[in-house]
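Paired with subunit B in one complex and with subunit C in the other, subunit A is shared by the two complexes that follow.
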Partner chain A sequence: MSTAPRILPKGVAEADFDTALGRFREILDADSVLTESDQLAPYTKIMMAGDDADYIPSGALLPTTAEQVQEIARTCNEFKVPIWTISTGKNLGYGSAAPGETGQVILDLHRMNRIINVNPDVCTALIEPGVTYQQLYDYIQEKGYKLWLDPPAPSAIAGPVGNTLDRGVGYTPYGEHFMFQCGMEVVLANGEMVRTGMGGIENSSSWQVFKWGYGPYIDGLFTQSNYGIVTKMGLWLMPEPPAYRPFLIQYQDPEDIEEIVEVLRPLRISQIIPNAVVIVHTLWDAGTHVVRKDYYDGTDSIPREAIERIKRDEGIGEWNVYAALYGTPEQIEVNWNIVEQAFSKSGKAKIMYGEEAEKRGGGFEYRSALMKGDMNLQEFGLYNWRGGGGSMWFAPVSQAKGSETKDQTALAQQILGKYGFDYVAEYIVGWRDMHHVIDLLYNRQDPDETQRAYDCFAELIDEFAKRGYGLYRTNTEFMEQVAGTFGEPLRNVHTALKNALDPNGILSPGKSGIRQ
Partner chain B sequence: MKLTRRQLLKNGLLLGSSIPFSMSAAWAGQTGSTEVPQHGQINLYGTADSTTELGLGLRQKGWAPRYEGRLDPLMLSALPGGTLAAGFTDEAGLVLLTSLLVGRGRILALGRHTGGVHHLMSQRGPLVEPLAVEAGSWQAALGREYARLALTSTTGRHAQQFHRPTETPLNTSELSFLVRL
Partner chain C sequence: MQNTTIGPLRLLSNTRLKSLALLGGLLLPMVVSVPNAVASEAREPAEVYRQICAHCHALDKAVGPEITMAFPETAHEAWGNYIRTTVRNGRGAMPSFREAKVSDEELDALIQALMYGEFADTAEEE
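This part shows the complex of A and B:
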């Protein structure tokens, strides 16, 4: 039995914190300052292999305007209250809505959810951090605009601002989200507001169309960082093409990953296949709708024999490539012939689209939706694969080269196998890079298994780094370790920027390993 | 009768307006069920027998459970503020439920029930013992405890683990919740 005492921000006296809370209630209203444990409980749900006690906020603030955010920042500076900013709080598996460390006050921007502008001519949007993909989608449908979004997989409830700021990816040709971001409004730690790009020009009409502005380009400083609070963000939207053809290519041999990537790379770089293609392993493709214990009840890694049974039963491959063609029907026919020829050479690929692909098992239906910017929650099913509520995304980057993919797959499987976990993974193919996304699923209710998951994740980070592979993103438990793999010179620059922009260290301390 | 979604659809009993016959029969046959509910309505979610029993426990303590079928957390946002909801879900449902409550609702209690071991986390102060010792099903005892927590104004995180001889297979895991929107 345990009952928890009151949580306070680190280094802040109880009386000062109470005074700060009083100030927050003046800036907002009493209902927008949460301090009761049942209100804060949703912010404490984590899936990482960390201690629950390390991720409990002391409060949560729910502003509705950028001006309120400015006042909050000034108050936090005065009382040295650390805040952890979330947009919609759906960074699931990367820390979710929990603070970076116990005692931080959550700055929850989900009520700042205005769609300020969608321009159907230049295909842009300007939105606040609380806007969800579903909300923006509904708005576009309501207006009858022929524009597509690019949601990540568990998408309807997440938002473009939060996902872009964490440099997330989607599955259409606009899949690299930060690449399609244009212009920000940012509240700095001292409460001042700055607009990036062309936003500094009063009444500029090009804030959402010209990324670079004048002088140093600084938008990147506000991604995966703690240098400011983004209160508005512009993004580019994809015009709906006249025709769209999603397709599926299945390969049955584990070794085939090398061939897949070698065939795909020139097609991606030349934009024959323009979207963020995924190469999905059996266990991910099945794991969205199949439960592990139906095939194997051991606590070690699922054996090859069970994987083969899943492939047979579900009609899925060892590797399942989901991609799409976009354009006019004539363009699609031309490109389809190129794709078919390229993948047919070795005779190993099974290439499908339309009804044939729909009849195969796996995720063709929901993947087809994602690649045209429609939303679904199918991948939440992965949380049922092993059960127990543990999930951590291990996401190293590689070149889009078959040899590197083969190397990464083997290394990941070897380390996961050592600790008794399954290789539930996909590759997201960028223009020249690959995001190797592995969901380390484990039973968080079992302390031994949780410790193994922690050790496994830590070893994955180190061993991948030794071979030259870094992570593109990680969860709050491992941000410090991952930052370390990128070297001291870069960390020193990050720290210098932090000290310059946030000398009291009030903004999301520890984000990406960055502190004063 | 197992209350699967398919069975409910087949019998035209899904969602909201009425509870399935089997559930109402189970509830009506129990002591106290004829009393007029004293405390108001709790939306009840889940698709297995556990849900029936949970509803029974709530009903025994003066609540009026309203059966809503399988939990679709996205639908919760359409409910009025202050609505109480309880039930059972799976891991995916729990992740979705808790993330949707961020800044929008309160988690009063969560339970994880695996092979006779019950991990309960209350945000409404200490839990009491009946789950471990009361006669009848553990789900009904849980319903009575959730009924009490729904009424208490005490706050504070409190975690407790109960052991109770298993009535379900050891590898079966159920996740319960009590939340207020």
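This part shows the complex of A and C:
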């Protein structure tokens, strides 16, 4: 028998917690209420630079129906038990399946994995939170529907509901996931269930096709928040185009990032290039399949000389643009000519597709898969770059303007360099914005390096905020700090909504810095 | 209108799974769909490998180390424990996979299949 002190939810007496657990076992079955340490171990694995002791759940609940979730919410309200909701739990580098803080009970929705509806005519799907991209992909393949998904890099093992609710992105023309979400079913903290958009109309056939419904549009309240538990979500699927041309453009000079963005922006806004384009730095493009120590063994930032060797040996540019054209072959030819002309002007770009692009040493093969919605986890090769299992995604937003990109790149390299980390980064280009995604990779087995990673991440947040750059998303360790950068008036509104919808503060306390 | 309602894919009953495992017929393409996912239902080891493991551990992916080579029977217990611990707890870059994602029954069958090298060919093809 373990002699370790029992972990309880914050502010909940042991007797009350035991009574609540008994209720949970009545709502679910005993096997779906986990309290033993070996059962809870998978919920404690984190990659961010937090203290392991801060992320240990007191239990985990595994419902299979929305009605069970309603009963769980009512019980949590009665006993003030805080729950932290996860779906597939593969938000790696953002908190994974761990709770927001020690003592919270995990509400694990992975067994709610029904594909309720896929409509190949209007190209929509209605799914539960536990459905993975792989599961939905397999279903579409089996049915022979000509529909594409838009997975993020963890694709196969992650799921559309969790990624969309965290406002994640993918790489097809449907890359901004929340933009392509349509209709939700949500269990509120008091156990009531609400359907958003057209879902409130009984027997509505337009729940998954018309986002706005009637009156205030509220779907956004349930993203990056703790105001409800989403138990069903609609999304739009991209019809498979008659033709598809992924391509690669390489630039060799660090300063070229400014030109790339200036050339790209009008092509992207006008939808000549319709997908979520990525501009990938050398170390990211190499890091998916090359190990750092093959080029540099120091514990400080990898030097310029080694980066140049990687570029030369691996056939990778300083900046590597992966994008694609979609449509009929005729449409693609027309747009290809426009792209070629735009990027050829300065003479710095090397533009290629097909066999020529495949022969380059970067990530053309897996990027081509992601830009057409295929399942692929090659990007996790980044975790081998430095080794040790530490990863935190620092992701500030910028305008799609070359001057801002240059400014952000220089600032990030300066701060990462100060702490001895590498600039492993890419820009994901939206219509008018860019997500500057930096993977702060570090050895989590080394306490000193982990502390440095923590300090580095905290400084990145503050210094970027000082220049007007905010993050689009962050990990559970830094949610409070990032919320602070967006100002008190916004935080006050978040708190007021929390108090109105969840007065006992039982749903994911601390998510996005929001508490009672 | 071609609307459809389905349950989770490729689920086999425990009895079916065990008989397949005993027969070494783990790569059979038989598929059974059921309306709801409950803890007692399990996917074939080949399906778990394809849906989850292969994306990183297939030889041409090389994101994670090779795991498909057969192990001598004398090392089965130790190797099985190693796999189980790694799957449930994670290790370095390897994420943890909880019971809701890979059930105990599925994990046991997967370990058996891996130890006997059932997916060695699959890994090469991937």
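Heads up, the rule we're going with is that the second predicted complex is superposed on the first by the 512 of 516 C-alpha atoms of A that agree within 3 Å, B and C clash if a C-alpha of one lies under 4 Å from a C-alpha of the other, contacts with A are read in each partner's own complex, and residues count from 1 in each chain.
FYI, contacts are C-beta pairs under 8 Å (C-beta built on N, C-alpha and C of every residue); 3 or more make two chains touch, one makes a residue touch a chain.
Quick caveat: nothing in here was measured; it's all calculated off a predicted structure.
Superposition of the two structures on subunit A shows subunit C clashing with subunit B. Note on subunit A: of its two partners subunit C and subunit B, the one contacting more of its residues is C.
In the superposition on chain A, contact of A:Ser37 is made with subunit B only, not with subunit C.
Applying the stated contact rule after C-alpha superposition, one finds that A:Pro303 touches neither subunit B nor subunit C. When both complexes are overlaid on chain A, the residue A:Gly387 reaches subunit B and subunit C alike. Using the contact criterion defined above for the overlaid structures, shared-chain residue A:Leu377 touches subunit B and also reaches subunit C. Once the two complexes are overlaid on the shared chain, A:Thr64 sits against subunit C while remaining clear of subunit B. When the two complexes are overlaid on their common chain A, residue A:Gly487 makes contact with neither subunit B nor subunit C. In the superposed model, A:Ile115 lies in contact with subunit C only, and not with subunit B.
Contacts of A:Ser96 after superposition on the shared chain: both subunit B and subunit C are touched.
After superposing the two complexes on chain A, the stretch of subunit C that clashes with subunit B is 77-85, out of 5-13, 23-31 or 77-85. The residues of subunit A shared by its contacts with subunit B and with subunit C are 34, 38-39, 41-43, 45, 47, 60, 62, 89-90, 92, 96-97, 108, 110-111, 156-157, 377, 380-381, 383-384, 387-389, 445. Looking at the complex, you find that subunit B touches subunit A at residues 74, 90-92, 94-96, 98-108, 112, 114, 119, 123-126, 155-160, 171, 173, 180. Every residue of subunit C that touches subunit A in the complex is listed here, in rising order: 1-10, 35-39, 51-52, 55-56, 61-64, 88-101.
By the touch criterion stated above, subunit A contacts subunit C in their complex at residues 29, 31-32, 34, 38-39, 41-45, 47, 60, 62, 64, 88-90, 92, 96-97, 108, 110-121, 130, 132, 134-135, 138-139, 142-143, 155-157, 289, 375-378, 380-381, 383-384, 387-389, 391, 444-445. Of all the residues in subunit A, the ones that touch subunit B in their complex are 1-4, 34, 36-39, 41-43, 45, 47, 60, 62, 86, 89-90, 92, 96-97, 108, 110-111, 156-157, 293, 297, 377, 380-384, 387-389, 445.
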